[in-house]
Amino acid sequence: MIAGIIGATGYAGAELARLLSGHPEIKKLALSSVSYEGEQIEDIYPGFLGRVSGSLLKAEDVISSSDVVFSALPHAVGEKYAAACMEKGIHYIDLSADFRFGSDEDVYSAWYGKMYQFPKLHEKSIYGLVELNRQKIKEAALQGPLIIGNPGCYPTGAALGAFPALAKGLYGGGTVIIDSVTGASGGGREPSRTFHYSECADSVLPYKVASHRHSPEIARTLAQMTVMSGGSKPSMQVIFTPRLAPLNRGISSAIYIPLSYAWRVTQDNEKPMNAAMPPSKEIEEKTLEIRRLYADFYKNDKFIRVLPAGICAATNRVRHSNFCDISVHIDLSGSLLIITTAIDNMIKGAAGQAIQNMNIIFGFDEEMGLKTIPMLF
Amino acid sequence: MIAGIIGATGYAGAELARLLSGHPEIKKLALSSVSYEGEQIEDIYPGFLGRVSGSLLKAEDVISSSDVVFSALPHAVGEKYAAACMEKGIHYIDLSADFRFGSDEDVYSAWYGKMYQFPKLHEKSIYGLVELNRQKIKEAALQGPLIIGNPGCYPTGAALGAFPALAKGLYGGGTVIIDSVTGASGGGREPSRTFHYSECADSVLPYKVASHRHSPEIARTLAQMTVMSGGSKPSMQVIFTPRLAPLNRGISSAIYIPLSYAWRVTQDNEKPMNAAMPPSKEIEEKTLEIRRLYADFYKNDKFIRVLPAGICAATNRVRHSNFCDISVHIDLSGSLLIITTAIDNMIKGAAGQAIQNMNIIFGFDEEMGLKTIPMLF
Amino acid sequence: MIAGIIGATGYAGAELARLLSGHPEIKKLALSSVSYEGEQIEDIYPGFLGRVSGSLLKAEDVISSSDVVFSALPHAVGEKYAAACMEKGIHYIDLSADFRFGSDEDVYSAWYGKMYQFPKLHEKSIYGLVELNRQKIKEAALQGPLIIGNPGCYPTGAALGAFPALAKGLYGGGTVIIDSVTGASGGGREPSRTFHYSECADSVLPYKVASHRHSPEIARTLAQMTVMSGGSKPSMQVIFTPRLAPLNRGISSAIYIPLSYAWRVTQDNEKPMNAAMPPSKEIEEKTLEIRRLYADFYKNDKFIRVLPAGICAATNRVRHSNFCDISVHIDLSGSLLIITTAIDNMIKGAAGQAIQNMNIIFGFDEEMGLKTIPMLF
Amino acid sequence: MIAGIIGATGYAGAELARLLSGHPEIKKLALSSVSYEGEQIEDIYPGFLGRVSGSLLKAEDVISSSDVVFSALPHAVGEKYAAACMEKGIHYIDLSADFRFGSDEDVYSAWYGKMYQFPKLHEKSIYGLVELNRQKIKEAALQGPLIIGNPGCYPTGAALGAFPALAKGLYGGGTVIIDSVTGASGGGREPSRTFHYSECADSVLPYKVASHRHSPEIARTLAQMTVMSGGSKPSMQVIFTPRLAPLNRGISSAIYIPLSYAWRVTQDNEKPMNAAMPPSKEIEEKTLEIRRLYADFYKNDKFIRVLPAGICAATNRVRHSNFCDISVHIDLSGSLLIITTAIDNMIKGAAGQAIQNMNIIFGFDEEMGLKTIPMLF
């Protein structure tokens, strides 16, 4: 099978090329690049020498020669390639935000500054968070060529951490806060002052606080999760804060979820726990209970690891893998669930998740080509 | 004037030595170390060669030869030195947690595992967050020798970000969440696996989530701030999550404070703003208003910089300084205040703040010895 | 086939476990650890969860249940396991220095402080630099169980860079200088001040200058290379300087080799080039010629990449791979060859090279299990 | 006194502004910037808020209002400002390469691609390596306004390490090799792929091997040192290799100097030491002797620290200071001197050294404004 990558020289595209080169079902890659058309991918990424090779074509030529197409273009420029793939009858997996909002064109256009060019395509597109939409993707793939809106990196780490709480009635309403710390590879390959080594090394920088465009994607996904699990659409307020830290890969998210009345830990007489004191036995036990609930919820999701008690979700334990690690905590007063998650933003947060989608669509083993083992160092 | 440092070879002690060596009123240092008694500080820290020099003495000899004593010992071992200083009649500034809890011995002992040895001393000790207790420290210093409990690094960045909101009625009750990302120097000088380069480089690690012993200090300080500003003691729930990121110095804190009814941003008919949409003009204007309120609140605090709109509080902009940078945001729904702060954990979060306390006590210019300019890179 | 790893919880051992878990011919691992006997490897390395699993046994039990044994123990403690493997009749690949010196016991003992315990074993051991000894290893493996002294990380990067120059008469005698910059993973898993994050981040530290015990290994290997290529044993003086830089993986080596008369670039009248001026056309042409010679020399070595002109050997282009990248330069005066090499010290410099040896020994494809693609970021 | 900085918004210019703001004799700064004319320096560098402030002027206005002018412009654009300063009668300290080559216009133009615009100015300019030319600068300053060519960062670390060996007859002829590892701040403020965080973090990259334009400056300076010390101009071949490592500030240089016959360490019968063996007692003793010679040579140079035996020159021990640390080694064969040096490339390698020149010129204490204490972490 030939896999095409449109926009193969950006970081997400190159990571796709790297991972797909080791995928047993992919015999060949077709790569495109506007900036480097006619050059070889291994001249742009000399690390690929002897392992990944290929001329950089036009996007149209990638589509015509491929059996599945991944698009790793910037936002708002690739819809026409989705249309071309549908016309040809092949699946299109888009790593940009263009197909993540379905029929919510108003939200998309408010944040990305552009109306839909092919509104019909968005109606049929599926949000490619496999752990949420696996069944839907499987079934739709039997009907014809799909458009997958591959989730954003932050929304992936946030939604996977919140899903069981939302689905199982732990969430008690009120504000859900997601505070994420990310590495620099998320900023892409183009040099800029923010990602200039001397400016971002040895520093932590909050940015786009309360105004990052992954906010509506996160809110939309959390709401969908609740509805899909049988809840009514919640009037959920979601707050998202990103910070840039000096690492290459990885997103660490802390997710604060108010517990429903039934799940709160209380002292006698319904009083909350004394938050001035160290974690009580009750809190420790409830934490273990929720941990088990999380583990059970994800028992068939091979890329989710609900960590043993006492182990926090560090990004270097998922680096270079498609895993999302999750650890479960309850605050000292017993009323808030604190979930921390870790993903490799370039793999589970981008290229790996896209391949996971491809595996589902084609009926391959979901882990195929994605069984890399995390590199601690 | 001779300044003594007990525990001078740990990171906080050495940073004190570094900064005090440039303080115009300090003519000499007296240094102690249990581990390196009899050696020279510049043999332990060769970077000091030609700049800071001194034999490492016994703690008792430091006290007997000093006019003011800083203690940079681990928690729960230094109370007797405070007692000795009081007996001698000299001020004692303690960088450990031992004197941060005043008469709340139950809270201290629950978290630090030790009862007070000299309970009377704690009654008279003052929590050395200058921006909160400047006047109290000044006045008490006129009465006799003081014991200052120098604040913890996390509590400093958290409390300074929340203070104006608490003091000016912006806080509307409910849970205050503090999510802090810290550099490795806070872990001190002793090697351990957590701070082993290969284990913490290129990674973000949440740790002691909902169980860090700075939690009660933060909660206590926020409550005091509210009371001191004329509010009634709030039933405030405070949640604190620390994460370790690969940088040397710096703490970036995000502080989530529910806004009081009066300060919320609403659409017509009192409806909250539509959080699915980008920041509204109303939110931007209210953010500027709160920013001005913050700037006004701190107008006499030389080490607090409320940043211009559009500039986030990055740790490399305060590195190597005693500044606490603050930036102000409101979430998309208009109902939560999001404050981000940045401090150098070794300076404003430890040694610098201790010297700021000394300056207040002795009536020196508060900035004396602390006018370093941040190093961007 | 079952592979055993003695000392599986150190960094080299864990990296072996990680790589061997993806090796098509290895069906199972048997792991030992003195420190963690009875525990699970995935509890020590939580990143392994769901990918690598196994109880930590005694070394003896690893040997009895394995078809090939890797030893990743510290120096000078593992000879008896080599003896046990020989007795059992299975191959033993030792990542420590114990079997790198063959019959030069005096050199080994002078640097490692211990005499050989089983001198006979050293006579038959082979230095496992595959690019030098591939044929020898292949042939010996047909005769019976082997002991491989897997090369040190620095010697690997140094020797591979010098080999063609020594073998093809480019070396003109005189001092060969190797200046290597390494990442922190080479220091192993045990915490120490040198590798404490705050002490080694954001700094470059030369260490053991002119006294590192990889010096004699490098010198010995370069001499062997010359002899094996038909030269007489040179009176070669080799200088080796290591420096620690703040990265996880990677060794960058610069190798300075005086050119023989025939290979020098000269102006007319045999005068050396004017070194005050930018590189001349003659130097550029000769550089290309030597580059071609290098590429030709290594044309059958799949893990050596002689880089195109203009591309330097950066460690992030080999990270996570078994490649050794090489770039070729001539100094401005035309009389010295400057080779730079880059390896991943944990893979080509340790675990990967050990597996490469196993592949040769068992007649597997030399690249089997080692076709990972470098991660740029 | 008013100090002017032309090109104040680049890294070197901003570092000058930072350091000069703390200089007791500088009452005011006048700053220029082409890119940001009319803006405030603290808007470009928000870290300066409350400490360094100033409108960015035209270069001409800086000159007209200053008593001394520093130029931190790129190469080959600032000669006219030197001319203007001479006309006005004020000193001009140039941090670019423009005035480092004196009358060697051919060398300068070959490497920097431009002929001199005002050749006369170059005749009177002085190379501002204070440890070499202190007396010359002092005397010339009495005669009238000076032009100082402030040394490059690499040449500073290289030349200071070699000076005593050249001056005292330790150098025995032959090739001197300088291998330097630098941090990213040397690349300046403009974003580029080389200094893009994801491309340079966690990696070591050799670049411009045998073709960096600091090569001729280093060679020229080493030759001058030899001549000034009474030697005849040596036919010295100098090789320089730079490598980029992931740190902010700092240059670590290893300098390989063949020892003269008189200084070599030999066994009986004039045979070189056995380089296969660990350092001999003779080598250790000779190393100490040379160390003493170095310490004595620099005994009046306050910014040079010849480190005690056993301590290597790490860049974090000079970070944020004007120190050049030096450690002394001899190779195992006893025939080569290996010097390692460490400087902060932005201070001793740029802004600090420029201020040191100003101090000399104006007769201030040479350490004035430069007594910062290195920051270990």
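The letters A, B, C and D name the chains in turn, as written, and every chain counts its residues from 1.
FYI, a contact is a pair of C-beta atoms (placed from the backbone, for glycine too) under 8 Å apart; a residue touches a chain by one contact, two chains touch by 3 or more.
A quick note: this is a predicted structure, and the numbers were derived from the prediction, not measured.
Using CA-based centroids throughout, the chain positioned farthest away from subunit C is B. Equivalent interface to A-B within the set A-C, C-D or B-D: C-D (over half of contact pairs identical by residue number).
For this pair, subunit C with subunit D, the centres built from the Cα atoms lie 36 Å apart. For the pair subunit B and subunit C, the distance between mean C-alpha positions equals 47 Å. Contact of a single residue of subunit C with at least two other chains is seen at positions 11, 184-185, 198, 201-202, 246-249, 316, 319, 376-377. Across the interface of their complex, subunit B is touched by residues 104, 107, 110-111, 175, 177, 179, 181, 183, 198-199, 201-207, 209-211, 213, 215-216, 219-220, 237-239, 241, 243, 245-250, 252, 254, 256, 258, 272, 275-279, 312-316, 319, 327, 329-333, 335-336, 338, 340, 342, 376-377 of subunit A.
In the complex of the two chains, the subunit C residues touching subunit A come out as 11, 14, 18, 21-22, 43, 45-52, 184-185, 201-202, 248-249, 302, 305, 307-308, 311, 316-321, 323, 346, 371-377.
Interface residues of subunit B, counted against subunit C in their complex, comprise 11, 184-185, 187, 189, 191-193, 195-198, 200-202, 246-248.
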